[in-house]
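Two complexes follow with chain A in common, the first pairing it with chain B and the second with chain C.
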Partner chain A sequence: MLRFSKHETTFNEITKNMNISIPDRSEYLKTLAQSGQKIMGVLPALYPRELLWAFDIHATEIWDPPGEILHANAHLQTTICPIVKKSLEFILKEPDIINAGYLFPHTCDSLQNLGTQVKDLIGVSLPVYTFYNPKGSFNKMTTKYYRDILQNYQLTLETIYGPLNPEKLLAACVLSHKIDSYLLAIQQARMTDHLAMNNLDYFKLMRAQEYLLPSDYLSLLEQVDILDQPSESPRARLMVSGILPPTSEILRFLDELGVGIVADDLLAGSRRIPKFPMDTPVSPLDYLTDRFFVLPPCSTRGGDLDERLHHLSKLMDASQAQGMLFDMIKFCEPELFDHRLLVKTLREKNIPVLTLETELDSHISGQDKTRIEAFTEILFEMASA
Partner chain B sequence: MSIRAELKYKIMKDYGAPALMVLQDFKRRKPRPIPEAFGPPLESNKRLKEILSRHYFLSRYTPGVKKVAWVTSGAPVELLRAFDFYTIYPENHSALVGAKKQGADYCGIAEGSGFSQDLCSYARIDLGHMLSGKTPAGKLPKPDLLFCSNNICQTVLYWYKAIAHELNIPLIHFDAPFVTTEQTEADINYMAQQLQDMIPILERVSGRIFYLNIFEDILKRSMETSKTWGAILDAMKAQPAPMTIFDAFGHLAPIVSLRGLPVAQDYYHFLMDEIDTRVTQGIGAISDERYRLIWDNIAIWYKVRFLATFFAERKMNFVTATYTNAWAETTGYLDVKNPWTSMAKTYGQIILNNNLKHRLDLMKKMIKTYSVDGMVMHSTRSCKPYSVGQFDLRKTITADLDLPAVILDADIADERVWSEQQIHTRLEAFCETLEGSKHG
Partner chain C sequence: MADLYFAGVDVGSLSTDVSIIDHSGKVLSEIVIPTGVNGSEAAEEAFGSALNLADLTREGITAITATGYGRASVAFATGKTTEISCHGVGAHQLFPRTGTVIDIGGQDSKVIQIDSHGRMLDFTMNDKCAAGTGRFLEVMANRLELDLDELSSPLNIKGESAPISSTCTVFAESEVISLLAKNTPREEIVHGLQRSIVNRIWSMVTSIGVEGEVTLTGGVAHNKGLVALLEEKLGLTLNIPENPQTVGALGGAHIARRAYQSNLESPTN
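Entry: the complex of A and B
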């Protein structure tokens, strides 16, 4: 059974300034698997986690597992994005912590094909599921279709795990709603300096939802101290856009420089949290449907570019961000197509922009360091002007 | 609609285009010598060139006469035909640029304006064209409408979104859910409903009313044309095959970009007749066909002639391809009595929108029915849906069918990616293996 109480494990990473303990991903999942918890490995990015929770399945997300890419190179070309490659490398190891199968949400062409490649050609011992996320502009018809997809996915899970308990699904939706509410409040606090947390710790907290049990994650969020009065503003205020937060090294470097990431447009960050607070769930499938359609605009859903520009502009205004850092994953087509227009528009508004390209190595190159330094100098000048 | 523009269009259609054909004929008086390794060239080539030249030539006179739509190759264009849109296929245009070895030039324009070099080269060429107005076709009209479907890739949606924003024109997107096992009723209903919901938008943009009977006629024509194209491909089962797949890459253009129009239907009847004659008379596309090959993925447009010659000189002929088959494979689902759901089935299940098990089974079937001896896979950095999975497809097919295979790492239209030496080495090694396997 999926536990809704706080999970006990070794908390070996401490965000000192907050006194919050965030468990190490690998240790946590190992302990969880050993306890008999059903765990499904979920690839990026959007999926109805609440349905899995209702079947007592813990969804752990696979974005950028550590380690060298070795075996995946025999299955994928060199021009495939590192998220896809790292995910496959992880899957090929058939890790014990994943015991209920893999879920491939439909995010991009590469992940779409990876799902069928793993299922139909490579073959793994665990079941492989897929979940289609509609693309393009949305209307009533898309809403109806998304609801149908949810129902079909529920039926698929029922064939394996037995009938769904509607009360459990409602409880899962309520839990999800609480998490969203906390995350929205924390984001808001971050934008207005009501959160005394450095970049590194902030994104550790955000990313902990990728692997913690929802109850544990909620407990963690409950401990976050939102200040009554704004704390000291960082020397410069930055917004970040892309798929994943910058690597730990870059975040640490920005912390050293006194640059605060006050808002984000990340697929692994704010793009998976509703744009505004939703009503408490009453009818689970309606809630899940509504939730999908109130997520912020995202390149991977093929949304309207004007809507995305408007959303970014609102975030920049609300957070008073002075510049934008695009942390682009190599070969990520959805992001790369939108990137040109976003950069152009921001530059037209005289907003400084820096684009970094990452292959998800933990190492930060000397060249990138210099570029970040030069970029932050501009932000400092703007702040002091 | 302007009377002057319409008159100009009519004059160009009746007199200008034929005059252009005569001029092109005159320029072509000294045909390039055909290498000995090839059989007699297809007579249809001339007509194909005329049709395509005429289509691009007339397109520049359409403003004020017909609304112009830029369309993706997998989009259900029959619906647009019912509103008499003049359709331009950017993928086809990019292939043309690529074939003329000008891809890098156009890509450079897009890259210079901020688009990444890692994006699909069809898209970069098209964006380069949009930003500069450059085209080997002389001049292309600006679109009034964009029409795309992600049944071939998600890329087209991102790409068309960028154009729609740049030119401030409407974009109609046909969302085709990927088929992981089989299409569900929900998938089909969703797609069928989308098609019907497009009608008011198309009426508004085109200024024309939708008539179901006209649409049904177009569907019938499209269906019949695709079936003829399928029959032409089927004829390549003959030994020797009456044409090579490199010929088919060219003869594919009307089924992609003129589907649903009488000109395409007539053209394929003409080509079918010629192919039938060649089969009856035992005329092969290459003079001595000893090995039969399958091609996987889109063509390497800037190296078609090189590859055709390379293989023909080694008595190897490509007799089938997953790419050319794509416009014939799902035609059987079309049903004029149920236009919407049948289009959902036809367009939703094309090879690139279908799972890799489907592709594996299809390739195995093609290998068997076309008596294939070896496989060449083009791994293109531009097309993720076509390329991701190829390594495992090759592994499985090689193991299950004991078939020699090679993967060429290249690109569809950006010639900068071509590595002459590496490709040559791989091809030589493949040919050696193939010759050994057949004789051993």
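Entry: the complex of A and C
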């Protein structure tokens, strides 16, 4: 059963500098599954988590599970991104921690195809759901469409889990709203140096929402210390864009170099947090629809590239970021589609840009180290000029 | 500021290069040796030889910048900077009107844009493979049973070039094998290989653009045939340093000098 109180797990991973502890993902989920919690495996990135919570289903997200890609290659083309490959590898193992099924949001064609493949061709013992997010920005059509798919998904879940308790849905929306408010405040604090947290810890905290119960995640956020006075500014200020944060090794390396990631435009980061604070939910359906459309612009939701550019430059200004790092996942079509023009526009504004390509392996190549270090040298020169 | 000396030590994938300068920037000695299997030993050896050549002792050097892919292994360095910045600074010292630097080394090739002070503005670097690098040429020289001088002789500038469509070392090597089997003259093959590298470099150049004069650094700048083809492709005359392999080390020495000077000038001193 989904708890809205603090979950008692042995927090076995203590992050330094942060003075708060974040439980290890697989240990945590194992304990949770053993306690009888319903757990659904959700593929990236946007899905109505509140609806699942209202049915007492814990949504745990599958982005880049560890382990080698062995069996998945047999089902996928070579030009498919590693997120899809790693997810399929994970699903093929039919892990015990997932007991309520899999949910495939329509983030991109690759994930949509994977959903169909898992459902119709490969087959797993658990139910497979799809959720077709609307593409394009806020308008009458898209909002109506979004409300419809929310209601349809609710009906689908009701056929399995019984009627939805409206009070539970409202409580889930209120919880979601609280989490968003904390995340917005933390993000703001990071932009203005009011957060004593290094790059590695910051993204550990962001990514903990992928697997912690919302109540546990909220209590983690409540412990984050937002400083009254700004702390010392990093030697160079960087913004990161892409799907996932850079790997831990890159984050550690940036920490060593004294480069602070002061803002991000990551699908697994700030693109999941509303652009501005929303009113406390009253009607769940209105709230969920509004929330979807006040999320920052994203390559996976189509829409206007100018809007994305405008959003990026607002974040860069607010955080005084000096340069942009595009951490591109190999073969990620939606991101590649926007990337060229984003780079061109930033370069025209004399903003230093570095693009790295990742296959999500934990090792950082010597060449990438040199790229990062050389890019940092440009930023340091700028800072000292 | 008499009697102040600065050094740059560039531990590259193939060569380890040292440059020693005095306080005015005058070059006192330059050394190039093969890196071999142990970067830190190569750094020690090259530094020792450069000191001998300049008639200096280790204690006489005020500051030393380590650079190159083995920069972290230079225990005696006082600072480290990437070879990308160092090639920019080095090229600026030799050719002050340089706006673009192309460094083609053993394992990496880079295109670097610098401003009128030699500060790096932007750069691009080849991917993991050896395409478009000196290593590519070495593999092919081996296959053609030519030494590097033969592979770069100006004889290869003119004449037919054999079609080599791959930039990938492995595929290009098999293309070379089949061309040899068809009795294609070796010079035509060499020409085709040079063209393949030039095309690869060209695509990197176009991704960041050409500004100002273009200076070619790194060991491949010794390859006269390739230089001629690159000039033809870019439609300009390249600045070729007398010793293209030590440009990174020279840049490192100047960075050490600048760091020392700005430290002196800083208000806390």
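Here is the rule we use: the second predicted complex is superposed on the first by the 383 of 385 C-alpha atoms of A that agree within 3 Å, B and C clash if a C-alpha of one lies under 4 Å from a C-alpha of the other, contacts with A are read in each partner's own complex, and residues count from 1 in each chain.
To be clear about the criterion, a residue touches a chain if its C-beta (ideal position, glycine included) is under 8 Å from a C-beta of that chain, and two chains touch if they have at least 3 such contacts.
Here the structure is a predicted model, which is why all the values come from computation and not from measurement.
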First (chain B), second (chain C), both or neither touched by A:K93: neither
Touching partner for A:R371 - first (chain B), second (chain C), both, neither: second
Which superposed partner A:K344 touches (first chain B, second chain C, both, neither): first
Touched partner set for A:H71, first chain B, second chain C, both or neither: neither
Partner contacting more residues of chain A (chain B vs chain C): B
First, second, both or neither for A:E381, with chain B first and chain C second: second
Partner chain in contact with A:D120 - chain B first, chain C second, else both or neither: first
Partner chain(s) touched by A:S137 [first = chain B, second = chain C, both, neither]: first
For the chain C and chain A complex, residues of the former touching the latter: 69, 81-85, 108, 119-123, 125-128
In the complex, chain A residues that touch chain C: 347, 352-353, 365-367, 370-371, 373-374, 377-378, 381
Chain B residues touching chain A - in the complex, by the definition given at the top: 113-116, 118-120, 123, 150, 153-155, 157-159, 161-162, 164-165, 173, 175, 177-178, 180, 184, 186, 189-190, 193-194, 197, 355-357, 360, 379, 381, 384-385, 387-393, 395-396, 409
Chain B-touching residues of chain A, taken from the complex the two chains share: 74-77, 79-80, 84, 106, 108-110, 112-117, 119-122, 130, 132, 134-137, 139, 141-142, 144-145, 148-149, 152, 299, 302, 304-306, 330-331, 333-334, 336-341, 343-344
